[in-house]
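What follows is a pair of complexes built around chain A, which joins chain B in one and chain C in the other.
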Partner chain A sequence: MNFVFSSRAKLVSYILMIVGAIAIIAGFFVYGENHHARWWSNMMINGFYFLGIALGALFFYALHFATETAWAVMLRRVMEAVFSFIPYASVVMIIVFIGSTFHWNHIYHWMDEATTMQYVTAASEGSAHPDYFYSLEAAEKAGADVMANPSYDELIANKTMYLNKPFFWIRTLIYLATFILFGNWFRKRSLKEDEVGGTEIHMKGYKRAAVYLVIFAVFSSTLSWDWLMSIDTHWFSTLYGWYVFSGMWVSAMNIITILTLYLISKGYLKEVNSSHLQDMGKWVFALSFLWSYLWFSQFMLIWYSNIPEEVTYFIVRINEYKVPFFGMFIVNFALPMVVLMSRDAKRNPGFLIAMGTIIFIGHYMDTFMLIVPGVMEKMAFGWLEVGFLLGFMGLFINRVFSSLAKAPLEPQKSPYLEESLHHSI
Partner chain B sequence: MHKEAAIRTPLILGNKSYHDITSDVIGPIENKAPTGWYVLITIAGLISLWGIGCILYLISTGIGVWGLNKTVGWAWDITNFVWWVGIGHAGTLISAVLLLFRQKWRMAINRSAEAMTIFAVMMAAVFPGIHMGRIWLAYFVFPLPNQFGSLWVNFNSPLLWDVFAISTYFSVSLVFWYIGLIPDFATIRDRMTKPLTKKIYGMLSFGWSGKAKQWSRFEEVSLVLAGLATPLVFSVHSIVSMDFATSVIPGWHTTIFPPYFVSGAVFSGFAMVLTLLLVMRKVMKLENYITRKHVEYMNIVIIVTGSIVGVAYLTELFISWYSGVEYESYAFINRFSGPYFWAYWIMMTCNVVTPQLFWFKKIRTNFILTFILSIVVNIGMWFERFVIIVTSLHRDYVPSSWSMFHPTWVDIGVFIGTIGIFFFLFLLFARFFPVLALNELKSILRVSGEENKKENH
Partner chain C sequence: MAEMTHTNRVIHVMFDDDLKLVGAAKRLVADGIQIKDVYSPFPIHGIDPIIGIKRTRLAIVSFMFGALGLSLALLGMWYFMIYDWPMNIGGKPSFSLIQNLPAFIPISFEFTVLLAAHGMVITYLIRNGTLPGMPAVNPDPRTTDDKFVIEITDQENPGASTETMGVLFKELGAIEINEKQLAKK
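The block that comes next holds the complex of A and B.
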């Protein structure tokens, strides 16, 4: 059966987008201080949150191929629709990075060359465009009369081999291109399989999925260092990449569950039974644990050792952002644990939707906490944040639903289709 | 009715009936043991005795007989402890996590993997025990009421968390393993003719009669235990890693340790399962149950966990540079280029490079190569712990206290001794216990047996 993107759903998505657009435009003029720091952080929070959801869906898609998981075959089209959002979220990320590169925003402290250049000409120091030199030799060569640059930051300067604009852009473009290419590849083969059947496409997908998992295992870590960890340029944590990855994954499973339940409530996906639902619920439940485990491991080890250069990260968060910092941990850990523990809750659409909404907000707050404290000194949350989120939700719904409408909602000829149809636990 | 896709590989080869499964698994218990078994258990027994001798010598003389010095205060002892605990991860992962993931291939390997887990955890427990020096005061690791003396354990110490984590893990693993054994013991009881053995297996089976109600409870309790055991699989090695990571020692204090240790533990555990099962399937003629596909699946787990460990090594290396912390960078430069560079490169080669050979289907489905590589992984994972522990300690902040660690014969003797005891126990298990979960295997014969699969399609 094909999904029809009803005019009502379309209207809702447009209204959300319009509300978002108004907030985004108004916010740009209202919150102009510090190079529109608040506005740009919101752009990044939403861009990354929805990119993470799409990437998590693509990861699970590859995982279900590589592990020969049959039950999830019924949800393939839903996952495909979610990861069809990768290109749109990528554009948002690129806009943020262009803004950083041209100093329209100061999300990345290290992109300011004032921090990495050791010398500055005495005459230009303090002016709008100072002349910097990275070494005395270079200054002598240019015949400039230089002094020590007061904004020089040795820790940041030492990282320039990795954190510099060209290399950052190369990495960013490689990540995004890889994700888009793999996403398109899987989608194309999945539609092709509907026509030709057989096992050949399936086996190719199995191999391609394994390759993607390897690539994503590396990229999920490096992209979190590049895009997120480098916001707090001085700070570092080896666990960071895995922690961010677990957040993406749980958010993705949550959205896939909600989307599936929506489709069922509209009379689609009739073959998805309560066992499928229970398995989805299990993933949300288990991944909430995984995320909490990684959150706790990172927090506890840094808190316990109390080494100044590491612990500052959490001091800022606890002093200035106490409520969202601990609040989101409780929401993302304790609530799913208590609510989704029982078998019946995982089979109950009402519970799953209610929990899903809370987790959706919880992990939005997690993404908020990854970005905002590194950009702004004080907590700020108001109509701008809500407007941004609503606008992006509208865009996400619009794009995902129109992708859903393009192909039959159930894969037609996967070798595991029968097994998935008869799924019973 | 459960449906299995045609493209799934059968898990039980040949044209087996339910009766065949029973005879194939219980046969070795009923028949006389082959000479090879007596030879092996004698060798293992002698090594065990040697190990026990070394331990007694250690306890009666003192920790000084080890090669520890004031800079390297932890070396082989803790290396061996972490190595054994790590090996002890595969069993519960296979029986609990793979149960939750409904991986049916686990049924051919879970029983022996769980037995191995229990023996490995026992061997692990030896090391902190004897490391105390005065083992007769070992009960002080528990929070005891003050009547025992006004000594209260330090709840802030990860070493204490270890006591709780490992003892909980051990108890749950043991219960899990034993509950799985109950129906199988009952099957043995029903086949035994000698009154004494019948009596013994009857007692072991707790009067199991195979009623539907009992099976229903059996499945329920398995699921509950799996749910409890899964977080334990994570917690044990996370807490072991916190023994190091909560400190401020460069090379030890790093946030990736908990998940990376868990992955490494599963990695080494699966390697040990492979080492044991590849021999066992041949000797006990279980080739139809522990098939090439089973070995391939386990090798895939080895690639995945080995690669996770590899990513973690590289992450640590990168961040040690990225952090700009002088001590942190030095710790890692010293690891790969200092006096213990050979240990680092053995670790890298055995854990990260060679497991990648399993990407080739020819290699991961080859029994002999798998056997060799599984031992390589076991060696690599021992060196991983050695590298973490000794290279982080041996160069103190003050160069005047820099030193090296040289193991004494007691260090080596105790380690080899625990390997002997481990194999001694495993050989006993293989002789008197049903090495496959035969009643569970019967439940998949209809859908995953080779002949049945052919008929169904």
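The block that comes next holds the complex of A and C.
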């Protein structure tokens, strides 16, 4: 059966997008201080949050292929629809990075030459566009009269081997291109399988998925260093990549569950039974634990050793963002633990939807905490943040639903379809 | 008749395939016959609701043991590290349980898991009567290898016997039917 993107759902998505667009445009003019820091960080929060959801869905899609998971085959189209959002979120990320590169925003202060160049010409020091030199030799060659750059930051300068604009862009484009290519490949083969059947496409997908998992294992870590950890340039954590990845994954499973329940409530996906729901509930439950475990591991080690270079990250968050910082940890850990622990709760659509909404907001706050404290000193949350989130939700709903409507909601000829139909635990 | 219907006999119907057993169990239950239990070398998917076995309460036991473990761990650490011999933890001499909580979480977690897991296993073994050294209650050793047995008693099914139901069992694919007279209660 094909999903029909009803005019009511379309209207809702357009209203959300219009509300978002108004907030985004108005916010740009209202919050102009510090190079629109608040506006740009909101752009990045939402871009990354929804990109993370889409990437988590693509990861789980590859995982269920590589492990030949049968039960999840029924939900394959839902996952495909969610990861069809990767290109749109990628565009948002690229806009943010273009803004950073051309100094329209100061999300990444390592992108500013003032921090990485050791010398500056005495004449231009303090002007709008000073002439920097990275060494005395270079300055001599140019015949410039230089002095030590007062804003030179040795820690950042030592990282320029990795954190420099060209290499950053190469990595970013490779990540996004890889994700889009693999997403399209899976989607195309999945649709082709509907026509031709057989096991050949399945076996190809099995191999391709294993390759993707290896690539994503590396890229999920490095992209979180590049895009998020480098916001707090001085600080580093070896756990960071896993922590960001687990957040993506749990948000994705949460969205897939909510979407599936929505489709069931509209009379689609009739073969999805309570066992499928329980398994999705288990994923949300278990991944909430994984996320909490990694969040806490990172926090505890830094709290315990109390080394100045490391604690800066948490000092900002605890001093200026105490309530959302600990609040989102409680929401993302304790609530799923208590509510989704029992078998009956995981089979109950009401519980899953209520918990899903809370987790959706909780992980939005988590993404907020990843980005904003590194960009702005003071907590700021108001209509701009809500407007941005609503606008991106509208776009997400619109794109995901139109992707859902393009193909039958159940894969027609997957070799594991029969097993998935009879899933029972 | 009353004595005849309650002779305390038990019938063991043996199958060589778990799916045949599931089919037979469904038929028997549909015919109004009570199945006491099923013996199998491995868990048969979906047999519990068919033969009317209630959902296990082991999860609740596990939760209670886990909660006990968590409380004991916190109580212990409070006593050792805060009350009896106050420790300077992580260079932060706060001497308060709540402020030192991050340092205590790993132990609380481990002790919760330890008690939940062990409590669950021991409860399971006791309730099943399968603690090491306990006598086996298995009706036929072959059910630990490759055979499957449905157990029916004439206490639950008055008048049930091999004579009355043997044909039905054979029809359902039974490979062997044994009837045993248990000691009178």
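The criterion applied here is as follows: the second predicted complex is superposed on the first by the 425 of 425 C-alpha atoms of A that agree within 3 Å, B and C clash if a C-alpha of one lies under 4 Å from a C-alpha of the other, contacts with A are read in each partner's own complex, and residues count from 1 in each chain.
Everything that follows uses one rule, which is that a residue touches a chain if its C-beta (ideal position, glycine included) is under 8 Å from a C-beta of that chain, and two chains touch if they have at least 3 such contacts.
These figures come from a predicted structure and were not determined experimentally.
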Fit or clash between chain C and chain B when superposed on chain A: clash
Which of chain B and chain C A:Ser7 touches, first, second, both or neither: neither
First (chain B), second (chain C), both or neither touched by A:Tyr304: both
Touched partner set for A:Thr238, first chain B, second chain C, both or neither: first
Which of chain B and chain C A:Ser424 touches, first, second, both or neither: both
Of chain B and chain C, the chain that contacts the larger number of chain A residues: B
Region of chain B that runs into chain C when the structures are aligned on their shared chain, from 59-67, 347-355 or 437-445: 437-445
Common interface residues of chain A - those touching chain B in one complex and chain C in the other: 304-305, 424
Residue ranges of chain B touching chain A (in the complex, touch as defined): 1-8, 100, 102, 231, 234, 238, 242, 245-248, 253-259, 307-308, 311-312, 315-316, 319, 322-325
Sites on chain A touched by chain B in the complex: 68, 70, 154-155, 158-159, 162, 199, 202, 214, 217-218, 221, 225, 236-242, 282, 289, 293-294, 297-298, 301-302, 304-305, 307, 309, 415-416, 418-419, 421-422, 424-425
In the complex with chain A, residue positions of chain C that touch it: 45-46, 59, 63, 90-92, 102-103, 105-106
Chain A - residues contacting chain C, complex: 296, 299-300, 303-306, 341-343, 424
